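Residue numbering begins at 1 within each chain, and the chains themselves are lettered A, B and C in the order written.
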Amino acid sequence: MSKTRLTAIFAVLLVGVVSLVAAGCGSSDDSTSSGSETSASTEGGGEPLAVGSDIPYPPFEQGKPGNYTGFDVELMEAVAENIGRTAEFEDTSFDSIFLDLAQGKFEAVASAATITDEREKTVDFSNPYYLSEQAILVEEGTPIDSVEALAGTTVGVQQGTTGQEYVEEKGDAGELRKYPQGPDAVNALKSGTVEAVVMDIPVAENAVAAGGGLEISAAIPTEEEYGFAVAQGETELLEEINEGLKKAIDDGTYAKLYEKYFQHAPPKSIASATHEAS
Amino acid sequence: MQEFVNQFFDFGFMAEHFDEVLEGFWITVQLSIISGVLALAWGLILASLRQLPGRGFLPVRAVTIAYIDVFRGVPLLLLILLIAGGIPSLDFLPEWLRLPQWLGKPDNFWFGVLAITITYGAYMAEVYRAGIEAVPPGQMEAARSLGMSHRQAMRSVILPQAIRKVFAPLLNDFIALTKDTTLVSVIAVNEAVLVGSDIQSETFNSSALTLGAIMFLLVTLPLARFVDKLISREQGRFTRGAPRVEAL
Amino acid sequence: MENGYSGAQLRLHDIHKRFGKLEVLRGVNLDVRKGEVVCILGPSGSGKSTLLRCVNLLEPPEQGEIYLEDQDICKGPRSGTGEQSWNLDFVRQRVGIVFQQFNLFPHKTALENVTMAQEKVLGRSKSEAKQKGTALLERVGLADKLNEYPERLSGGQQQRVAIARALSMDPHVMLFDEVTSALDPELVKEVLDVLRELASEGMTMLVVTHELGFAREVGDKIVFMDAGVIVEEGRPADVLDAPREERTRKFLGLVLDR
């Protein structure tokens, strides 16, 4: 455990030294400080908590730098506040987000990340804070309304998401197009270069709400749970986050945010899932 | 350091994913060759249109210059997104144009080819122009005074000399084009970078990307050396050429 | 005066040409009879080269008429614009020009330089063009250089290829624009010899030159130009030995003193 932590710190040091050398800057103070490499801003008063997220992915994360919003963002802010920290979001690419986390680029990930065994190998997840389903998103009237119906069609997904994994494992797609950004997949659907997109339901709902003649033809229960992630071995931080999350659920903040972003009350199971695990 | 090596230079991992990455790189090669050949031809056409003489061709020249200015100024990435998003939505186009499937390649491959050809055609037109303008005006006069038309003179006298002069810079542009084909990963063309980052997102190991980089170098390095050789040979011709004339 | 083609193969009437604000030719009149060799002298900038380039429409005049074999070649659709017009082919098939800088095609051999236009413009077959080209190159003394590229030839040899190239189009009139000025002195003679031979064969020639000896020997007529007009013209002996005009005397003095 401590070995992993050491290597993580070492990786940060390496990145720090390399970037210092590259910048031609002589000061070496920064490289001895631990963890976060985001510079501190004192908005909320607490010690900053650097959080990585692939923005935009509405309604989970959206907005402009300095003014990010979304379910993940606001929930993480509440969690951080509960533990006396101030969440600072950093926009990053989802396909390398866990790698960056393991290397110490930020301390936590809040990016609609599904908890999977594969990912558990590199990072540690908090208790689930959201239960997700995948949606098949199509143009209105398209008869692709089940996983079986994906057979032989051109399907778009965002690269590195569970949607991709799901289609690769269960859907017999004729061609699978992996877009670096979720919205690109939706645009490809609108322009007609893909016939269906498989993505998280809330994101798909957002795409439908934005107009353009799209509909969700099927919801696929995948028993997916979203969790916040921290680097492996960061037990203390993980416990703090779980505690902060529990507090947010108990005091009603969670429900308020859930209704704000998903227009309905959170499923009861989320509370039990959270309490069970902790 | 070990972490870094494992992350980027895990040779066992590279061997394991070699076939996948090679398959992606093969798409890169196809993109490069098809777009490269088309851009070379398109650039030559643009450069020739730009040289048409007389008042009658003024509109043609103006349109050509505007085209070159615009597409040298628009980032290729943006153009790729615009074309891939825009063309399929043009309902008035027939399906084989909106969603081309030529040579068994999917439509996004061809949108990539189109965007790269449009942009690099503009770049290469400028390279050709530099070559055409480096041919002494006396060549055109000599050809015209022998009764050749402007077109004949361009084709038989000016362009052969111009292309010889700019062969090395054209090849340089081709190397840049090869590297820029990676941009079409944004429209989900399964080329070397997309395959590499896909493997990375599944395995949390970046060595597949490193492998992709190595494959690029295996192609671009020899090309770059070849360009250097051409340039030094061209310079050698000039320094040796003069005394040779005197000697006779 | 209006004695037709046999009398004046080439007739220039009141030729004007300007480049921007600079009026290079300010009303030039000249008659050239068939078989006549006219040598044009004058200080640099006097407009001699421009006059030659007007005759084959490389620089079409803005004003005035040029009659080539009784055809007014300055009139016609889009004349004066530098674009292809009906009379351009007529002119270029009858008038050949040789430049100071040779302007050989460097990517072609000596023979290819001479055959290219024959094939492309006159539509001659490859073998016909080659036969003609070989004969012409032999005539200018380059039988052994057929397959050499220009960069391997001396200046004098290159200029002789250029003459052969112009002759390959069977011109009726030949223009020579300071054809020996870019040559080393020892190479001048071999080129002038070719001109001499051409003159003796009855070719109509306009020769812009600084070679007074050549002009005296070969020229049927000397034209002295200055500041865009013809100052004086006449038989070589008259113009060179007893110039009437002060400007001519001054120029000849400068050239001879050299």
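To be clear about the criterion, a residue touches a chain if its C-beta (ideal position, glycine included) is under 8 Å from a C-beta of that chain, and two chains touch if they have at least 3 such contacts.
Here the structure is a predicted model, which is why all the values come from computation and not from measurement.
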| item | value |
| --- | --- |
| Most central chain, Cα average position | B |
| Most distant chain from subunit A by Cα centroid | C |
| Centroid spacing, where centroids are CA-atom means, of subunit A and subunit B in whole angstrom | 38 |
| Intercentroid distance (Cα basis), subunit C paired with subunit B, Å | 45 |
| Whole-Å gap between the CA centroids of subunit A and subunit C | 82 |
| Residues of subunit B touching subunit C in the complex | 53-56, 136, 138-139, 141-150, 152, 156-157, 160-161, 164, 241, 244-245, 248 |
| Interface residues, subunit A side, partner subunit B - complex | 7, 10-11, 14, 94-96, 98-99, 102-103, 118, 121-122, 154, 156, 159-160, 175, 177-181, 184-185, 187-188, 190-193 |
| Subunit B - residues contacting subunit A, complex | 1-4, 7, 81, 84-89, 98-99, 106-108, 185-188, 190, 194, 197-198, 200-202, 204, 206 |
| Residue numbers on subunit C that touch subunit B, as the complex places them | 56, 58, 78, 81-84, 89, 92-93, 96-97, 99, 101, 103-107, 116-117, 120-122, 151-155, 157, 162, 165-166, 169 |
